[in-house]
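The structure appears below as structure tokens.
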């Protein structure tokens, strides 16, 4: 378990508003579900910026220089620490 | 720069207008069997523009018009969004311009190809009888085309070749 | 002959490089027993002959997707001389994840750093020399569509073949390297693994890779060696907890180090971001999608029409002139008659301009980058219907021609979803059926014909959704593929690539579907012109074997209110839906023009509607069936499609009559 510095700044990626950047702290769910996520570069410690988050539906993020679209389900499993 | 915006507004509105007419005409010709609006503004016998009834063509024109008009709306609040909307509208407009040209060329080919094999033309082609002819897509597309020069910097990212020097 | 394998992430321009190397000397097929496309070809560079295989685009070399297994099995088992990894320079960090894994394999590798122009224009600067140094492999900068860097790439491949094994420059953490070292010591003693790349094997074992662990368990006969392997793995597990995550993180740690030393990004907002403001907007994105679809279709039909007409005229002229060439009426009719071989070839050929135009335009849009956006937009809606976003494209294509739709399912990545897309595609009412139905609808319902046609479209779509949901839930056990997809940056599409795609698909169709249709037409032609009693030639279909079959089958279809001629028309429709009207008219002894008024007088509208529903659903044309067989690679699914559609069609026909009885 990762000790949280300030729990109010940690939330699922799904809740991050547009334009905000977060650092991935934890990816919930088994390795089988998350494998795809890792292959596309979303791993612990990587910085993720939300490019588009429009209500229900997939969100678009900027990760390691690429644009990745994530479904709501997956983005609920990715916990990030908000940095700005 | 104000003139540019008025120009875009005008063209955008024309897209909206013609698109709307096409859409309604198309819809009613399928379901009700007749065409309510006059689809031709005759200029020495040629329909300019030729607003042929077609539901999807209407949607395409409407969307393009909406993109242009919206881009002006966003100009004050979110420049990136404004530019984005305009560029996408421009791309659609150019695609439709190309489509119109291809349509005309294809119809000409369809009429006259027998000549290549020593025969008689299938039919005599003329721009007034062409199914598309000088449609709004052609006209408005040509009008918005020059906006390329103002937006070259952005669009050049699509054509990055000049950025890279051969070794 | 130098054996080269091309690897890389999807969308990096791998196929353009493949085309640059092989030109027209390439062959497209499937990997044996799989639905994944295999491209192989021959190249000639500076006098050297090369055999090039284009491996499926993958993000990784794990054991968890077919594409990845194919790619890594090829490298491990076939042992190509050189592996060229195509890397997208504008997206380099994530691309390196695959590179690092290929390097673990210890094979001779070259990196083609592609899209250098795009990288530069989006403000990404890369120190290539330092990159070569840190990775330990040659890095060739390329701009594939302009062939920049291709010569250098060729030279490097030839150099590499001659050179010795490359050095492994990449080092992971001490804990990991220690475990790797220990494992390699043991693996070197295992005779069953003699030809394997030990380092890669060791890492895979520590990762817990399914396929490799299975091989360790099953292949190694010496128990003591096996036990020592498991021992080391266990010790590693005790130190790091989640071993797979640890290895993945290690790879990225190494990548991040490399990137921080070699890559510098200056720009922030790109053109792609701006365009996506509109393309991905949840409101205006949809009408944009519809507009683009419309443009796609219009282009396809407009461009292909003159060519289709030309082909039609050409074949009409030939068959008129050859009408009685042999003098044997049966043979003449078979070869040059209405439904003969010559016209059959003509009909198949007339599909080709359509398919080529479609793929040309589609390739342009895909190259541009729009297709993935469309899939993104549609995904939420599609998921509710048991499909994925990418399925929308082949569904739309199917409305033009089911053959195009079925081949178009290549776009769908997940195998399960792809099969569902293929199997439900024939329910999309193709243009051939539209033509036939339009004539019937106009005859019975006059100005309301449009609504009737629309209702048929809707029925097709509803059925497709229903079948997808059922298949997804019961056959594929509701495996919800998580939605995660990369959206590549926009770029100007390459006309060359589009043209070669168009040509490849068009000729593939002609060869594959063509042979099947021709065969079907031949069989049908013989049966339709052979008198049932005398077995001699007859040009009156009513006396032919086909008529006998029709009359025999008639009782089955009697409940639907058909007479035997409609049954035969349905059999003709099996070969190609375009000939249904013509065949039926011929059977009734009327011309095609009189046909409309004729059936209006002789048939009840409800019966006709049921007939149209049946024809809509029952079985796709023989070309589509051939396409299904090609794309699924199995008879199982092809037969399943035929069976479920015929049964469904029959049931629906009865249902329509039942409901119609109350109206």
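All chains are identified by letter, namely A, B and C, in their written order; residue positions are counted from 1 within each chain.
Quick note on the criterion: a contact is a pair of C-beta atoms (placed from the backbone, for glycine too) under 8 Å apart; a residue touches a chain by one contact, two chains touch by 3 or more.
Keep in mind that what you see is a predicted model, and the values were worked out from it rather than measured.
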item	value
Remotest chain, chain B as reference, centres from CA atoms	A
Pair with more cross-chain C-beta pairs in contact, given A-C and B-C	B-C
Averaged-CA centre spacing for the pair chain B and chain A, given as whole angstrom	41
Where chain B and chain C are represented by their mean Cα positions, the distance between them in whole Å	32
Touching two or more other chains - residue numbers and ranges from chain C	272-273, 276
Residue numbers on chain C that touch chain A, as the complex places them	59-60, 62, 64, 90-94, 97, 124, 242, 244-245, 248-249, 252, 265, 272-273, 276, 280-282, 376, 379-380, 383, 480, 482-489
For the chain C and chain B complex, residues of the former touching the latter	116-118, 120-122, 141, 143, 146, 148, 269-279, 284, 287-288, 290-295, 298-299, 302-303, 305-306, 309-310, 313, 446-448, 450-451, 454, 490-492
Footprint of chain C on chain B - complex, ascending	30-33, 56-57, 59-60, 62-64, 66-67, 70, 80-81, 83-85, 87-89, 91-92, 95-96, 99, 102-103, 106-107, 109-110, 113-114, 122, 154-161, 163-164, 166-167
Chain C partner contacts - residues on chain A that touch it in the complex	31-33, 35-41, 43-46, 51-52, 54-58, 60, 63-71, 73-74
